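Down below are the structures I want you to see.
Across the two complexes that follow, chain A remains constant while its partner is chain B and subsequently chain C.
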Partner chain A sequence: MTSNENRISPLHGAGGEMMSRLLAEHVLPHFAASQVGRIGLSAMDDGATIALPTAGELVMTTDSHVVKPIFFPGGDIGKLAAAGTLNDLAVMGARPLALSLAVIIEEDFPISDIDRIVESFAHTLIGSQTPLICGDTKVMGRGEIDGIVINTTGLGIANPAISDAGAVPGDVIIVTGSMGDHGMALLAAREEFHLETELKSDVDSIWPMIRTILPIGGIHAMKDPTRGGLAAALNEMSGKSGTTIELTQSAIPIRDEVQALSDLLGISPLEVANEGKAVLIVDPALADQILETLQKHPLGRHAAIIGIVGTKFPGRVVMTTPVGGRRFLDMPLGDPVPRIC
Partner chain B sequence: MPRPFELSDPKRARQLADVIASLAPSTPVKIVHVCGTHEMAITQHGLRRFLPKNVEILEGPGCPVCVTPTADIDAAVQIAEAGAILCTFGDMTRVPGTRLTLEQARSKGCDIRVVLSAAEASNIAKETDRAVVFFAVGFETTTPMTAAVLVNEPPANFSVLVSHKKIPEAMAVLLSMPGTNIHGYLAPGHVSTILGMAPYAKQLDLFKIPIVIGGFEPLDILYAIALILRQLRNGQGFVENGFPRGVADEGNITAQRLIARVFESTDVQWRGIGVIPDSGYRLREEFARFDARLRFHIEGKTGDERIPGCRCADVLTARATPADCPLFRARCTPLSPVGPCMVGSEGACSIWYRYGGRELP
Partner chain C sequence: MTSNENRISPLHGAGGEMMSRLLAEHVLPHFAASQVGRIGLSAMDDGATIALPTAGELVMTTDSHVVKPIFFPGGDIGKLAAAGTLNDLAVMGARPLALSLAVIIEEDFPISDIDRIVESFAHTLIGSQTPLICGDTKVMGRGEIDGIVINTTGLGIANPAISDAGAVPGDVIIVTGSMGDHGMALLAAREEFHLETELKSDVDSIWPMIRTILPIGGIHAMKDPTRGGLAAALNEMSGKSGTTIELTQSAIPIRDEVQALSDLLGISPLEVANEGKAVLIVDPALADQILETLQKHPLGRHAAIIGIVGTKFPGRVVMTTPVGGRRFLDMPLGDPVPRIC
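This part shows the complex of A and B:
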């Protein structure tokens, strides 16, 4: 076998025999559950069908994934793409019905890497009992795209959907676990810092955890703190509801190794992405029950109450620091760059 | 997941706040620090909340990016336009020059690279035949790092645009400027790790005001402020080491010798202040072959420092807080900064924008 056969060629995206073989050998076998209506993935039709639910609201979300490096400590772009879309549905309070998978690959990309990526994508879907029902593959020339780009669309059903704008003064703020793990793990993995750490991304589907708290009710707003981290998520939630988020910094769970790297690079763990966490704003009367239920799930072991909703600075996030001072926690400005001098 | 909180212990912080309140006079007191890291720590931890209303602490010329004069930015742009690879710290790329920022020069095709150290720039030079220039800014913390690269035979295509500055000289000049009204200095811990105590005494002895070296943890800073107020109450004014954990009285002799071997003092311009005698460095004769100013025929022209409506000059000389500037938060934000104090992540305006000043209860 020549090395070319192990790599993606333009023919793999041309819709012919090569593409059929790529899909039949490297994609389809991973997706045993691939049907929620009459026509599913294995039919390879122009579209898939979904039997209409009888009650509730349909929720639809889409996300394109680019990540560097493609394989990172704790996950890869496949797991990220699946979890990203499942989590967007989960924080809308939606049970995932089905996902799509569209992949754009650079010519000469190793097929063995495709295998790994598709396998971890499929594995993540299985964990959330969600079928993949349609997909697309395209190949672009060398240098026209950086490795691989994945787009996923997800459909879910909520009854009712939970927005990120529903905070009410007096509500309690909960995070489902430690903050900053994904962003810091990726920063540490970037070559230019020459760092060796044990840090792992938290990337995972949070639906199995979120489904345990939905029956309790009382969730007024929910969001997954991805890009921009907790700081961006909370600023958005306070801005949309016109409330003040008041945090207690020492209550926010942060891993020691994340904090250490954060101190070294001068980048706040509250401003970098999480890919397996949610932030919830809940009815104070149900906060303890929600917290205890989260903590019983393996993904929510370190869930914590981190603050309350107030009114004094509408649209802003104020934080009491460990020493007892106060400061604003602002919307991050852009991609974090290490402080230099 | 507990973190060690010893140096940000809230109970001890309250106790120090009580000591500060008991030592503070009833008249207004202005303490100035000269370090972006101090301002970052003070605002990030919200330490102004622990000070009585009449005790204020302001950042002076403590952000190296902010005090770099327009002329030096212009020189860096000129070097990049001549085809060299220009390496510098991230924040420098956004500071306005007379014509362009380095970021704008990059979008016009110049090769501008962000590095974390002089050593990284020298490594880039090893990989190429093109001229590589390190735009060397910073105070006594970064100066020895530049010197260390130059004494270790860097590649012949490597040179340095020197813009290093000395903090004690600027602290002295500030005291003789009208309207500064400074009662005491919180001196920077890491600069002092290199310098020790002597340079402060040499520059500032005549002014007889408290100068206390402080660390960067919340309790370090509150402790240093308490020492300043104690000196004021006792009518004293001397250099005191409030950070013996990190600063030896004599400083880091190896680093001092390294600086002295490579550099000699010269008059340099500070944005917002003007020319301060002997407050900067140029390369000694022995190292002149690495001087980018000579290689690229840079003339020592003065750039235009005035930015209409911007009070950076007052902020850098501790005559105004960021909130006193009419442009702050209105026309001047970190995404579209007007003045350098909003550009540098260690600049007072950028820090106050993100974390808040004294408006928090």
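This part shows the complex of A and C:
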């Protein structure tokens, strides 16, 4: 068998000379400044070190990304892997300290695609001033893995961390922008649907926006509505706090093209993933200030108050429809779109 | 299509009710005490918190595990995923603070196998008094992933961290036990070889052993010889320190059955992975004390001094053979056994 220098071979994941060269030529150059302790990424040691912060709580979060297709309108698996983990830290109120990057690649995967993905990943990290400090590369055979999957684990520091369980009756519910963009854009991009749309994923790191509201205080609960969408996020938040979340459907920002595709396919935009949004449950006295601050950031222009926290149906989400009816917005059984993130 | 309750369905990875149930019934019960901060695994939040240690350096490490077969003589992918990351922390001199667990599972994978893997993972963590604090579950379709792959990321605290670059001429080289067990056991277990052997992987968490030698001091460099085996580990260690590593081949502990299979297949036991061993480069004045302390631990019974650090060939590893010849032990191009870990 002739090996093709432009494609991944099993030796690229085998811990030897070939792997070192792949990392040195295609990964490390993007992360030249990635060091937050004595031992950084470029040391290629068994791990990396981080100088101990002086105050706060450490926050750790992990996500594997299996999105399909790996390049999609508005982003790619590299941007998604960075944003997904940065956003999990952000909604915990945590400033990112460091990320890890572990990739599993299929044999014969184009190295040029690795370059695009790593560059996109690095760009997203740099935008949130976050170093990549450690990583891992594995290769599986043809047909053993579909292209590439990426795990990112993030470490952050919060003072204090914000859970998703802190809703209190009287609180106000805010979303930072339109719902359903990522899920619907992915769905439209799938080959099997042959849809031509202008839809773009909202995938982005929201930390630069979230950091502007943390000093205000008053955020009782926060979550990023990824898999299962807003419906899953709010059901978790009401369930954990034993409160009722009362939504006004017409207040929930949804792009016209997202709504149109939703209507066409019979899939609710409230049940599909977002990758650049947060839902916040906040002190009513500070809600306007938080909303206005969000709206000043490019990622939060369409932030809106979408409901309040009540007590009537503990652990449930109730939605008032545009014609004045009310219905429960239930926990989805699962996301209607597989491999969405 | 009838869904089979005993197998993984796409909904188990979709962020909704089905995923919550899978985690609540098959994962969380194994990690009842997994909390090291205000927000632990059972909170099922976007991340988990860790109370800030008071002194030391944080150490972070990540590994994806794609081992095949997933159940092998001496262990399984669960034990490997736990030990692999605990060992990376251990060889950095870091006490494990917390691990994350991110699994990607193929549709129709048996839930009974998930149970075995999670139990084995949990058992290994408990043996090193390490909590699992956060996780992620994704499902890919049939033929999109070969069974199950697992990422574990570990966070530890070291005071100070030990790199793999600190060798100094005059130092003594110690391995904590026999070389090549994991790689050769895996190779023998592969269906295509139809080999019947007594070989078992050495996969285990070495933290309980490493913690006994850290108070002695004098460890200048440490590494776990996984992919690429002892040859890769020592070449990295000599290369980074610019020293020469001088080995006495007859001093390297290798099990008879490992050597026999190596001879049969023409694969060097020094180039295949170990998953329960460490190689240490230590101050000569403390070498005997470190060796004796290692030998007192069940995992270190066969620990041995295998060489010294010199200066003659900077960045190279030289080995004196049993008949008195000398040869370079080069960096392997890659591990001869794919999907070894």
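Assume the second predicted complex is superposed on the first by the 332 of 341 C-alpha atoms of A that agree within 3 Å, B and C clash if a C-alpha of one lies under 4 Å from a C-alpha of the other, contacts with A are read in each partner's own complex, and residues count from 1 in each chain.
Operating definition for what follows: contacts are C-beta pairs under 8 Å (C-beta built on N, C-alpha and C of every residue); 3 or more make two chains touch, one makes a residue touch a chain.
In this text the structure is predicted, and so the values were computed from the model without any measurement.
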Examine A:126 and indicate which partner it touches, taking first as chain B and second as chain C; both and neither are also allowed. neither
Touching partner for A:23 - first (chain B), second (chain C), both, neither: neither
I'd like to know which partner A:178 touches here: chain B for first, chain C for second, both or neither. first
So, does A:135 touch the first partner chain B, the second partner chain C, both, or neither? second
Partner chain(s) touched by A:195 [first = chain B, second = chain C, both, neither]: neither
Decide which partner touches more residues of chain A, taking chain B and chain C as the two options. C
Contacts for A:165 in the overlay, against chain B (first) and chain C (second): which applies, first, second, both or neither? second
Is A:325 touching anything from chain B or chain C once the two structures are fitted on A? First, second, both or neither. first
Report for A:333: first if it touches chain B alone, second if chain C alone, otherwise both or neither. both
Could you say whether A:255 touches chain B, chain C, both of them, or neither, answering first, second, both or neither? first
Do any residues of chain A touch both chain B and chain C, and if so, which are they? 333-334, 338-339
Applying the document's contact rule, which stretches of chain B touch chain A when the two form their complex? 1, 3, 5, 8-10, 13-14, 36, 43-50, 64-65, 89-91, 114, 116, 137-138, 141-142, 218-219, 334-335, 345-346, 353-356, 360-361
Given the complex with chain B, which residues does chain A contribute to the contact? 178, 250, 253-256, 259, 302, 312, 318, 320-328, 330, 333-334, 337-341
Using the touch rule from the top, collect the residues of chain C that touch chain A in their complex. 10-19, 37-39, 43-53, 55-66, 88-89, 91-92, 94, 98, 100-104, 133-136, 138-141, 143-146, 149, 151, 153-156, 158, 160-161, 163-165, 223-224, 226-228, 232, 236, 240, 273, 331-335, 338-339
